[in-house]
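First up is the structure itself, then whatever we jot down about it.
By written order: A, B, C and D. Residues from 1 in each chain.
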């Protein structure tokens, strides 16, 4: 049966040849807002998952100046936010970097801040550069440092800025805007003025960021993590230690999900995120699975082979892996760890029962390129 | 603020005017697979949910002959299944009836059966006509009668047929194929031959269809309902009785979800379904909410006003309500109940935190048309 | 190792012999509210679960007259409720029938009713005799018929009665009073007068008793079933049908749990209940497991062998099976089904991770007696 | 009604006076293993929760020498474990410190170790003294330091010891043995020899102790926390920081539960644990609630008033608060924080729906003593 696996010439697939009679029939159907299933069945029922996206790499060396330039060309008042968004060659119609995920690079200069707003779409950020940047999420001000990961979930009021005495901040935004638009559920509202702070600075990461500890009198009924910031200052040493006492996964090295401490699940309902460590000399094996991923190199340098194409990355470079694309990660250094941050739509894919994966068997698990 | 609610000329929205310098900048970005967010922001961040679908009505009187004709034009061997699918004028590219939901009308003649197959997409059926039709789901054969609702979930092997001594059966199929394709996760496999039966006929509805009773030694780890058939013979009297002891919901009459008896949740991970009773003379008020719905009138006659357009339906007619469309249901009879079956994507919309609704306040809750 | 399994003379058990020095030491400890663990360790750490209860049988023929007599001896005003409670010979100190479960037989005459009250303990009833009995649970009046099972959960206001034109009703009460007292959490309150009804009669069983159907606009945040009555009129035919399409379990025949339709779990947080059908000639095999059970024969006649003692029962007889007692059920009729109702503490035992079981291997799975 | 609240002379309570006829009736019932509910009803249905335990304080200054002496009087081979257990004056029959919770103080000298064993009862430890102590849980060796909290859950193989080059270790054991015995579900098994280690030392706390991070390829299906140790080295600074950005709870100061990072729930199914910080000069208000608690002072000094009795404690002292006892905690120092560790049966009380609480209103929330 495996032999027939990709053939549409088997019983159970549509194999109808056109005839004048059928053509007339199809026209009749069309007038009524209908069609014959067998004319589209093989197309809409593929043998395997198919992605509309292509692998892409965005080099920070190319983009950084253009990002900074945006902060000169337009003001926050004009633009809302100064963001260069990264768009997949095959997903321009939905402004997505891959699948249904949006990503962009945002710049904020000292003393600047955006207006507060909220939307049904969820957002996250990964900090790339700067000092004394902050975000305010539902009245909680949180200071941002390089390689920190922060969330601004579904319908939470949020605004961002950099203190007067800080340094220009650049961060990557990740949103599920294309997905929420596709699901016809997005909305948007602007806050009249600045949000009042309801807690001391960094209340959330301090209160919910103690390993294995939760406040007894917490009152949290939101479907997302109460931990809004995952600090590089704790994430980095954790991965170093975990790597010492765990087997290295042949596909992913040491891969750890950012998790909601109240559920052990993903940080938000529609997007997950993870940090992974590729040990020195790591040559990952290839697998493919459903779900779309946007990566940023947080540290080190290496390359990822995606469907046979090698993409070389170093710190701050961004690339994407489409659903069901073969991919393998390699650390180019023999002495230094490499770290890859990613965000993804796994909560959607897993939550709807759509996750599946496959390991490459040929060539000892490595792609030819 | 309400006054500005639909204006993009407020702080927090993109209000950048084109200049030659900006145009040059945009071109530079485009070369790198990038763009300036403010050029698309207002478009991808709408104030309110927006649907790409339009309301549509498919009259069974128009379609029935064409459906029957399909069974003469092509064989199951050629076509897989003889199905006339119903397609939204604005969703032809994804073969969807509304949103990301597919629906079609399938015909099977006595003695015919389809090959067994499975797919990551989930499917459901609502029986319209005929006698001694059956479906086989993961080795469980289930007999079908008019107005029965049955599920063939994600990756379950299934095949359908009509006994030799039965009568031609017509049923409505509902699938999430467009959604699963959009999420780049669909797959398909054909079963080599017919599935062996692992249980007596109707084992599932008999074993899991006892109200408030579950077998003590059940072993069920699937993410969907073990109850594969919801019989009209119990659904109909239940709704009649429920209507007697409950207040009539002003929008929906008596609306009951088909539910998984092991969880109280939707029958499958990606699609839900419901049956509703509109009492004699019922004039529903209008509301709108996220989520896409395909309806079939199971009994009676009436009309639904969707975004100001009146669609008149009677038994077996099919229509759809797009996400965030105002809709209100009316029973045209002053003496008989009307029953509407629907299936929908609520498990997706609710599960991802995207449900919201609004009631029409003007005109005592009724649309002008 | 199996050989040593019940020996305390192995490494890892306490094997300290008394000495004068140790005796002095023990006395010193005792003064401080302390002791040496090894003096009690083998006692408090048994090799296998141990029950403090003994198997008991209460014949309805013996009890019925005494139950009726209670309604002549005292009034509801004096006694609150006229109940003959059944007490295990080894659990008199906690008024339990078995383990931490209380049971009693309550009588109410036409026109009588109890005062409304509530308690942290949960209660359930199984109807034995009479006509036009009712219970009111949180404002919901529910009519009772023979072999109906009803719940009056944790902290729900409840009262019972029989209509003026009814017939004297007798039912079995089951409560977790001993457990909730042991856990030092019980309370009690009397309602000032009669509860006002908030719904039409039988609203709960009608609204939540439709197989696989749930009201779309339900609002239920209680940790127990919204279905308050499980009617014999649906339970009985369901078990008959289930028996036809399922294998008969060698220990339990056809055993079905009453379940919460919103969760698929037990009806209440501390007590579960089940109905089981023993087919004609059924000779159950013996097993033992943790959890305490109170049975009532709902129909037919048979016997249960518990730890080697045979207890013969017929309709309305009540008996108990203690935790970790070998037990096997036999139907004495070769032509009629027998039905056993039981209630138990499985939600506690399972919920706290304390369930385990063992099948009897000797003698083809049957006890000698 | 409040006036009658504690009176049994109200309608709805049993108020039957003895008569010769009733006495005869009671004797008849007794012969059948039965009784009249109204003779015990008011006793088994108390108005408010009642505890069988009394508040107790165990001073470490008194106990330490006796604990050390146990290690001279008996060997691990004889005693299994050298433990001085602490027993409530009113719970000697079940060897409980309070409610259904057992606690003891265990000593292990350098080079000593216990045999590996397991039991259905769950266990936890809080380290009081020593160096290079360790526990092995299901093949995971974990090093112990002062004020660390570790779990050895339901049915996990475990053994303890101190390295040859360590220092005598003393720790507090907490177990639910009385509860699991009462629920008639306990068991015990000894491991033949020492457990083989399946992971590097401290694998569990390193792998699951990263705040907000979980290994992507984890495989954990146990109903308890995969994090076996909660280190004082992270717990202490976390509470200090949390105290700076949170309001001080008037009853509990800063109270944080040890939590299962996969669920946000309690660390085990039957026992929870917490650490709390009482700021300098903290004078807690009194409340009472269901649930039993055993405390150990981890740092500082203060006193707790329980049902009007003041118990003064300092580092290493142990005391208990029974269910539904008024209690308030005071820090005696005006300059130093005080820290109280506790373990409790909250998972049972909450899980079974038995939690309730009450705040003291009189005297500005403080007890007279």
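Everything that follows uses one rule, which is that a residue touches a chain if its C-beta (ideal position, glycine included) is under 8 Å from a C-beta of that chain, and two chains touch if they have at least 3 such contacts.
The model shown is predicted, which means the values in this text are computed figures rather than measured ones.
Chemist: What is the set of chains touching both subunit A and subunit D?
Modeler: Neighbours common to subunit A and subunit D are absent.
Chemist: Go ahead and note the Å separation of the Cα centroids belonging to subunit B and subunit C.
Modeler: 43
Chemist: Hey, how far is the Cα centre of subunit A from the one of subunit B, in Å?
Modeler: Taking the mean C-alpha position of each chain, the two centres sit 29 Å apart.
Chemist: Hey, how far is the Cα centre of subunit A from the one of subunit C, in Å?
Modeler: 52
Chemist: Going by the contact rule already set, what residues in subunit A reach two or more other chains?
Modeler: Counting only residues that touch two or more other chains, subunit A contributes none.
Chemist: For the protein chains shown, what form does their contact graph take: line, ring, star, complete or other?
Modeler: ring
Chemist: Who touches whom among the chains?
Modeler: After working through each pair, the chains in contact turn out to be A-B, A-D, B-C, C-D.
Chemist: Which residues of subunit B touch subunit A in the complex?
Modeler: 1, 10-16, 21-22, 25, 28-29, 32-38, 40-41, 44-53, 56, 58, 62-63, 66, 69-70, 73-74, 77-89, 94-95, 99-100, 102, 104, 114-117, 119-121, 154, 177-178, 180-192, 223, 269-270, 290, 292, 322-324, 345, 347-349, 351-356
Chemist: Which part of subunit A faces subunit D closely enough to touch in the complex?
Modeler: My answer: residues 199-203, 206-217, 225, 227, 230, 234-235, 238-239, 241-242, 244-246, 249, 252, 254-264, 274-276.
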